[in-house]
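Here you go, one structure.
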């Protein structure tokens, strides 16, 4: 058996998240959002969280519900403002949540760097813009670059399509998005899946996240969700 | 149709490589080595090449044959010295080929950086060793890092298992190795495959190298090779 | 006659080369896809991890796991490939996309782009993938109205809005004309229902005309 | 009695935790695999792009597309996964492997490692993945003879050979004993057919003994 534990309940899967933790939350809008794990985190009760995710919640579900519950001190994301991000909008305007905006590619690359042991990297994205303020710059091959540092999580909450008992994961279509990089970037990676299969049931050529990156897996029932929200 | 061209012959596939070019050559030892493309490159005649590859040739085939033909000015690799690297050894000791040794992970990451538009990155690998001489260093989180720059190719020669007509690639087992990163790092990526299939015949979830990275594909007959060499 | 949004989308589509890998930004640029003939072999990239994106999904084809960057359900074409976010943005940043089409608040005569923030103090900042797209593609096309609703030019000497990226735009497609921008300033490539003289009078940038 | 190479491999194997992700270096360390019981659930990594590596392949199982880092044909276990070189070394550099077992020319009392180059002027330099493995794993175990064939100690105050990495080794497993190395110098954890006093007389490093 590998270090990955397959747990019976969502509550076991999210146990132990500490106040003040940095939590990486997968998903791009609703696709790939780990709804069950977030609901479990709300029940679990950890607060004062820094949440790193591409968006800042949609409708009243998932990340929006966590925000509504008052557990989030700061959101680090690329795109908080959406048609249905009213929970975040209200908290932000009321000064009840901080916001760090990171260009989406720098967000993904900083997460990858955290997982890959890269100390820092130079990227052209954001150079010469207001998001470059305070950042170290360097001209490489005639082009200005910003120095960006890794973004590491204490916990990652991820939704994947299927896991084997070793924690190897496959995803489904564009719900893959941030899952694979976040899995590498957190001390404890927690994954909800639709299906857990025996070792050997996944094609080794098609595994996207090897089990080495996965600490806990829990199977959840399929949930229907739409662009208007999960239900 | 995409930009990828599926060609009928190896000679068409390797046409136009220029003297003095930097050629990325896939493979780890013999696994994933693009034997047919290298043979084609020898016929094509380009010389004064800088070859970037993990090793410096095995036996008398592949990279070793290119070296023997006197076409290589410099080899950039992690591990030239093998039980059967006698062609390289002889040329190197005779001062007929230059050598640049790069730690294997830095080699892979520098190739990735070239493909990913990363200007440079800090890595802990090699810090405090003779391979750090002349490199810029920085202490990050108490640990010394080296600044490493992208390694870009004019041409990449890669062997994959199967391509579709759009140039999407899948590999086989540990023959995958450097292929996917080299495909992203070269101006012109040339791939030999055992099989070309129609668009839609590869599982979109399992494509390893998307066709956007592939310029030319040629189907070649399976060749048996062993740890002693290809035949 | 100036162009309708649909005619503008068709005009942009005409400049997309056969077989190109293309990213279409959220909003108006998405409509360019409707004018790309299937036999042109253009492959669409969406930043959320896909090449080979097909048209918007309808009815039973709607799959919440398959959306474009605007979170709209889309479809998959034969030969598609999925990848994660770091790989998707490596593809963009690494210069592998041939063309990216973006909307804009302002474009400067030298190709600076402002399309992510109006600078309004009460606006919630949100950049998404705009900065990555702007610096990454081999060619960045902007598609916008040439003037704001109140008649202010959006092709300007230098951007007043916060920048998305510096010197990244090569072409500006507008309802009134098509412009090349860059180091040498603005060149008028085409006008729609107007003249270079009329445009000159309404814009604060110097206009060069290609002579044949 | 000092340990035979096979007994030493078995001794190293005893310190590998259940369920650990482990990389075994080329040469002697490879033999550790023979002493890991299957029910321990250890998952082997090979730098050339695989987790879940099985034993060496024989007969019809030999597949030239499936080798270990030493280019020896190996097999695949259920639950294996393949990945490319940048991903494989990201896994190593990112600190995800629990244990890496390496051979060495020399290890210093503070855990500096020399295992890639003898410094001989006519040697062809070849580093492979040694430097990446040395800096990456959570714990780096070295497995070596304590003395060279001519009797020179290989556990030394500071390495005379070119370094592979600084302060990376935590344990040194040798035919004569097991040592912890690091900031506090060398601690003897176990001796084989010898005494701390005898080892002290032959080594130039100060030896601490754990008292219980």
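Every chain is named by a letter (A, B, C and D) in the order it is written, and numbering of its residues begins at 1.
As a convention for this text, a residue touches a chain if its C-beta (ideal position, glycine included) is under 8 Å from a C-beta of that chain, and two chains touch if they have at least 3 such contacts.
Here is each chain with its UniProt name: A, B, C, D = 3-oxoadipate CoA-transferase.
Computed from a predicted model, the values in this text were never measured in an experiment.
Farthest from chain D (3-oxoadipate CoA-transferase) in terms of Cα centroid separation is C. Averaging Cα coordinates per chain places chain B (3-oxoadipate CoA-transferase) and chain C (3-oxoadipate CoA-transferase) 35 Å apart. Computed from the mean C-alpha positions, the centre of chain C (3-oxoadipate CoA-transferase) lies at a distance of 54 Å from the centre of chain D (3-oxoadipate CoA-transferase). Between chain A (3-oxoadipate CoA-transferase) and chain C (3-oxoadipate CoA-transferase), the centres computed from C-alpha atoms are 28 Å apart.
Within chain A (3-oxoadipate CoA-transferase), the positions touching two or more other chains are listed as 109, 112, 116-118, 123-124, 171-173, 204-205, 208. In chain C (3-oxoadipate CoA-transferase), the residues touching two or more other chains are 76, 82-83, 89-90, 92-93, 135-136. Taken together, the touching pairs give a contact graph of some other shape, not a line, ring, star or complete one.
Here the chains touching each other pair up as A-B, A-C, A-D, B-C, B-D. Chain A (3-oxoadipate CoA-transferase) makes touch with chain B (3-oxoadipate CoA-transferase) in their complex at residues 109, 113, 116-124, 138, 140-141, 143, 145, 149, 170-173, 203-206, 208.
Within the complex formed with chain B (3-oxoadipate CoA-transferase), the chain C (3-oxoadipate CoA-transferase) residues making contact are 18-21, 41, 43, 45, 51-52, 76-83, 89-98, 135-136.
Only residues 28-32, 54, 78-82, 89, 92-93, 99, 101-109, 111-112, 123-131, 144, 171-181, 208, 224-227 of chain B (3-oxoadipate CoA-transferase) touch chain D (3-oxoadipate CoA-transferase) when the two sit together in their complex. Listed in rising order, the residues of chain B (3-oxoadipate CoA-transferase) touching chain C (3-oxoadipate CoA-transferase) in the complex are 1-3, 112, 114-118, 164-166, 168, 184, 198-200, 202, 204-205, 207, 210-213. Within the complex formed with chain B (3-oxoadipate CoA-transferase), the residues of chain D (3-oxoadipate CoA-transferase) that make contact are 46-50, 62-67, 71-73, 76, 82-86, 88-90, 92-93, 117, 122, 124-132, 135-136, 162-166.
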